[in-house]
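You will see two complexes here that share subunit A, one where it goes with subunit B and one where it goes with subunit C.
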Partner chain A sequence: MKEFKPLPALPAPKDTVGMGVWVKQNLFPNLVNSMMTVLIAGFLISVVPGVIDWAIISADWSGTSQLDCKKDGACWVFVSAWMQQFIYGSYPDEQLWRINLALVVLVLVIAAPNVLQKELRNKLGVPMFLLYPFVCAAFLDGRMFSLEYVSTDYWGGFSLNVFLAAASIIIAFPLSFLWALGRRSDMPFVRSVCLILIEFFRGVPVLALFFMGSVMLPLFFPTGTSVDKLLRVWIVLILFMSGYMAEVFRGGFQAIPQGQYEAADSLGLSYWQKTLLIIFPQVIKVSMPNILATFVMLFKNTTFLLIIGIFEMLSTTQTALSNSNWLGGHATEGYLFVALVFWCCCFSMSMISNSIERKLDTGHKN
Partner chain B sequence: MSTELQKPRSFFNNPRNRALIYQILLLLGLGYFLFSIVSNVLANMEARGIKSGFGFLFTTAGFDILMSLIPYDATHSYGRTFLVGLLNTILVSVIGIVLATIIGFVLGIAYFSKNWLVRKFSIIYVEIFRNIPLLLQVFFWYFAVLAALPAARESISIGEAVFLNVRGLFIPALVGEAGANVIYLAAIVAVVIVIYLTKQSKKKQDETGAQFPIGRVALLILLGLPIIATLTMGTPFHFDYPILGRFSLSGGTTIIPELMALSVALSVYCGAFIAEAVRAGIQAVPHGQTEAARSIGLKERKIMTLIIVPQAMRVIAPLLNSEYQSLVKNSTLATAIGYPDLFTVFVGTSLNQTGQAIEIVFMTMAVYFVINMTISFLMNLFNAKVALSERK
Partner chain C sequence: MSSEQISPTSEPKENVIEISGLNKWYGSFHVLKDINLSVKKGERIVVCGPSGSGKSTMIRCINRLEEFQRGSLIVNGVEMIEDVKNIEAIRREVGMVFQHFNLFPHLTILENLTLGPIWVQKKPKQEAEQMAMKYLERVKIPDQALKFPGQLSGGQQQRVAIARSLCMSPQIMLFDEPTSALDPEMIKEVLDVMVELADDGMTMICVTHEMGFAKKVADRVIFMDAGEIVEENEPNEFFNNPQMDRTQLFLSQILEH
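What follows is the complex of A and B.
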């Protein structure tokens, strides 16, 4: 019997391997695509070297005043000279440790519910989380802790954006959850009140809400009382955020199978036991990516506060740009720096949101 | 029946009674809250000497507005400023929506391109512009880009007809003369014919399978009829070209830099979000659809336009709805650079001058509500249309 001898394997066809093939397939597959490649490449070649030269090679990096910017490129001195203002606003120099401490605590407070054991989490982590905004505000204000009093007029910069966004979402958490519960309640009056609240705060431009906070809210308080501007803004941000988050939670509720409610009912759990022990953990799980997306939106929208005269980061930049010692047209540098800071925060949050989505995807799909 | 069930239950154990009590409590709380607010507002307004009511709408405004689509000057009333602002808001919203949709669809589809460079470009664009605050982008275009344009004397010009300088974009204006109406009529007739032909050709294709080259014919009619009308009427219009004077330009149509910066920023920002929506929609179409389309021999471009995009529209349409609404709401940022939209003119200047905070803020909010509800209504119609193409 003849022995079976397989033929030696043929080499891979020439047109499927190698650098040249990749370039041909991915950059020049056909006429239209080749034209687009040339177009984009041409654009990059004509723009990128100029940008790099402007931003790095012929840029001025060190110095203290505008006069130190002698080269043609970017004047990063502008950014470094105003750095403290950009981050801390006009908060007094010797009190800056308070802001730093509050920022560190903020990170801890956010991390705590995720790291702590279950018992500790419910007893310590959650109350810490919910109390943080109030304690933080009092601490930065200083009077209650018998520290030096710093009026809210001096709060500002990027730290204010962070504090406002964080403090708003923390309070909006329970509030929006209540609204979302109310919206799916069986009680018609409760349902319609919640519906109106949610649709109002979602349907109105946030700028109109800010204006409402700055020109209308003072009329709502009894005559003679003056409420701090930042506090009014905070209230508006909480309500605005709650409207959006309530919708996120509603989506979460809809994703929970009906069987979960029925199982909880058949165990004889009360309404709040059912909601908090069975439904809430699952809702949080499915809504987490959307909550983060909403938070990113809120965080970006804190820059709108410039328009009603709160000294957040963008507003500080505008002030710096119109400072008489810095009238050399540093708008591009300033905006690029602010953009970079916000971009890093927002982009990393959307990365976190993606990773949570992947981690929580425990396959509860039907 | 067991005796336990017949036992009279306590009043509070009946969920219906409890619901009633909760709602009454909420009503009382809300009533007290509203009552105290209203009484506070009345007291405050009296203390500040503000008279409530809408009478101010008919008094003379006395301020100028940078740009107006309808005749306006300082002698007109506050009611007129409201209208001017509203039209400007609608203008920038429509420009923004059209441009953002184009950017979004092009980049969303580009994500699935075979071309590596195009794919990366789409991803980088979306990730950059989605994550930078919109107000910052508005400022960037306005203060960093447009403010760096040359002065009127050194305008960048294209064929002495279009001028771009720090004061805006100057383009020739089309001025109609007697007989121009015939051309408008011809254009309308062309559109009607094209709509009718499209319906007929679709019906014929559904019935017999025969395809009618509707695209080319439609283009021919849309261009042909107005051109024929123009030629027969002896070109009854002329262009009013902007003319470069000593310090500024005269004539033509001016697009002010505020409008340019705002519409560019809005469309670039919302375009990134729409690109994301389009991408998500296309990804939601099962890959089997592409494979099935390939196996019946459709070309790649036909697969996109006939198979993928119509199905992706089911996912995209609701997302587009909310993106358009947020674009309209975000157009209020006009007030940061002084584009005279409803917010700048009415909530800004008019409120400052009259002090009628409550009336003005509520009127403005109501307008944005109505605009958004209109968008929602139109998009729901569109949604119903694309949803119908679902499995029947």
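What follows is the complex of A and C.
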């Protein structure tokens, strides 16, 4: 009998690999695309040097007041002079360490699941995560920790955007999962309640929700109690976020093959064991890109709070722009700075989500 | 509980499954019509029939993946009723292997095997892992323990699925077309494991079209069509001397190739 010998693998032909081939294939494959390449290159050459000159070369970087801005370029002095306001709002100078500490802890809480071992992750990481918003709020408030009391009227700036977004996401995450489960439930009452909640908070514009939160929500609290404005906003954000996330999770649920439920059932797992051990991890995996998109949306939506007079970053910027010492058109620098800060944060969130996706990928294609 | 329990025993062969007058409808469609079947401990039963004949639906009723509307079903002395505790008790005694393996893709092979013992039977992790490795050796893939299901071939995945069921020390094993989604080269490795399991005295109900397997291990072959049991007999009689013309037609069609 003859032996079967596979043919040896040959190197790819020379004219299909290399730098020159890449340029030809991607930049000048045909007439139309070549023209587009030339046009875009021309546009970049005419615009980019001007932007660089304005933003960097002819810009003023150091100083303390408007008078230090003498060149024609950007006046970054405006940003540096107001930096503390932009980041911390009116939080007292000597207490800023509390905000810094809370931010560091937030980073740790987010990083923990990636660093901790599997056993510790569930026992330590998850409770830490869920407790963070409450402990953080109490810590910034100060009374419970016998620190100096700082009323929420003084909280503000970019740190407030971060805290509000993080605190809402953390609470909305489990809540929306429950709503999504409820929407799939066999029990008609649970199902309709969840359906109404989801559709209400998804269907009403977020600005309308904020106004309702600041004007209407107090009507539902017992008379005589006054509930902090920021707390009301937090509740609105949580509910709004939950409505969206519940639908994201629902999409994830539908991607899980029926066989997974049957396999879990046939092992004798209870409903909650099946849901938390088998279904939840897989739903998270399929929904990761959409979960992130919802996070980013909520994070950016926190700037809408300027409408109801919460001093988050955008409204701090507007206050700074209308300050009598800084009149003179620093709007471009101010808004550019806000945009840059938000973009950096959202981009890092993208990176984190990509790394989580890679981590969850176990090479299984359903 | 250990695997010793599934070895042949001399105790009286009582019925472990007792199905009587079982009827099931999907909406108004009558899928199972008056099914009567009893299975003794250690018996190996092969169920065959054309697609849509209700054979999968019937065995899925046994661990209540499907509900039925009329009739009674007793598994291992426990009557199946509408009660979560009751259903979970029956499911603990019945292992099931699916056509599409249904391994948990986010867990390693070892975690797939230990999940049931740890969470349902509340076994310590170490004990569960030892037992899992024992069964992985039995299905001949102990070296894959730390991989994920997506990294294994279909035949290996199906053997893992069998080991996963065995880890729960079931009294009865149900196989729902375990080789239908496999390449010809992999069918054999799965059937070999099933034959070994049969030789050890496990009570088995297999929905399969592998007639070679049926001839080799079955104590009884059941032929179903249109939601009914058309004929049941021991394999020799069934294949050589079928009583019903429907059975004859089916056999001539599948044995032609």
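Heads up, the rule we're going with is that the second predicted complex is superposed on the first by the 307 of 366 C-alpha atoms of A that agree within 3 Å, B and C clash if a C-alpha of one lies under 4 Å from a C-alpha of the other, contacts with A are read in each partner's own complex, and residues count from 1 in each chain.
One rule holds in what follows: a residue touches a chain if its C-beta (ideal position, glycine included) is under 8 Å from a C-beta of that chain, and two chains touch if they have at least 3 such contacts.
Computed from a predicted model, the values in this text were never measured in an experiment.
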Original post:
In the superposed arrangement, which partner chain does A:G259 touch: subunit B (first), subunit C (second), both, or neither?
Top reply: second
Original post:
With the two structures laid over each other on chain A, which partner does A:P205 touch: subunit B (first), subunit C (second), both, or neither?
Top reply: first
Original post:
Given the touch rule stated above, what does A:A138 touch, subunit B (first), subunit C (second), both, or neither?
Top reply: neither
**OP:** Based on the superposed arrangement, let me know which partner A:L120 touches: subunit B (first), subunit C (second), both, or neither?
**Re:** neither
Subject >> Touch count on subunit A, higher of subunit B and subunit C >> reply: B
**OP:** Considering only touches as defined above, state whether A:M187 meets subunit B (first), subunit C (second), both or neither.
**Re:** first
Subject >> Residues of subunit B defined as touching subunit A within the complex >> reply: 19, 22-23, 26-27, 30, 37, 40-41, 43-45, 47, 113-118, 121, 127-128, 130-136, 139-140, 143-144, 147-148, 325, 328-330, 332-333, 335-336, 343, 347, 351, 357-358, 361, 364-365, 368-369, 372
Subject >> Residue ranges of subunit A in contact with subunit C within the complex >> reply: 257, 259-260, 262-271, 273, 277-278, 281-282, 285, 360, 362-366
Original post:
In the complex formed with subunit B, which residues of subunit A make contact?
Top reply: 25-27, 29, 33, 36-37, 40-41, 186-190, 193, 203-208, 211-212, 215-216, 218-223, 296, 300-301, 303-304, 306-307, 314, 318, 321, 329, 331-332, 335, 338-339, 342-343, 346-347, 350
Subject >> Of all residues in subunit C, those that touch subunit A in their complex >> reply: 63-65, 84, 88, 91-92, 94-96, 98, 100, 102-106, 115-116, 119-120, 148-151, 164-165, 168
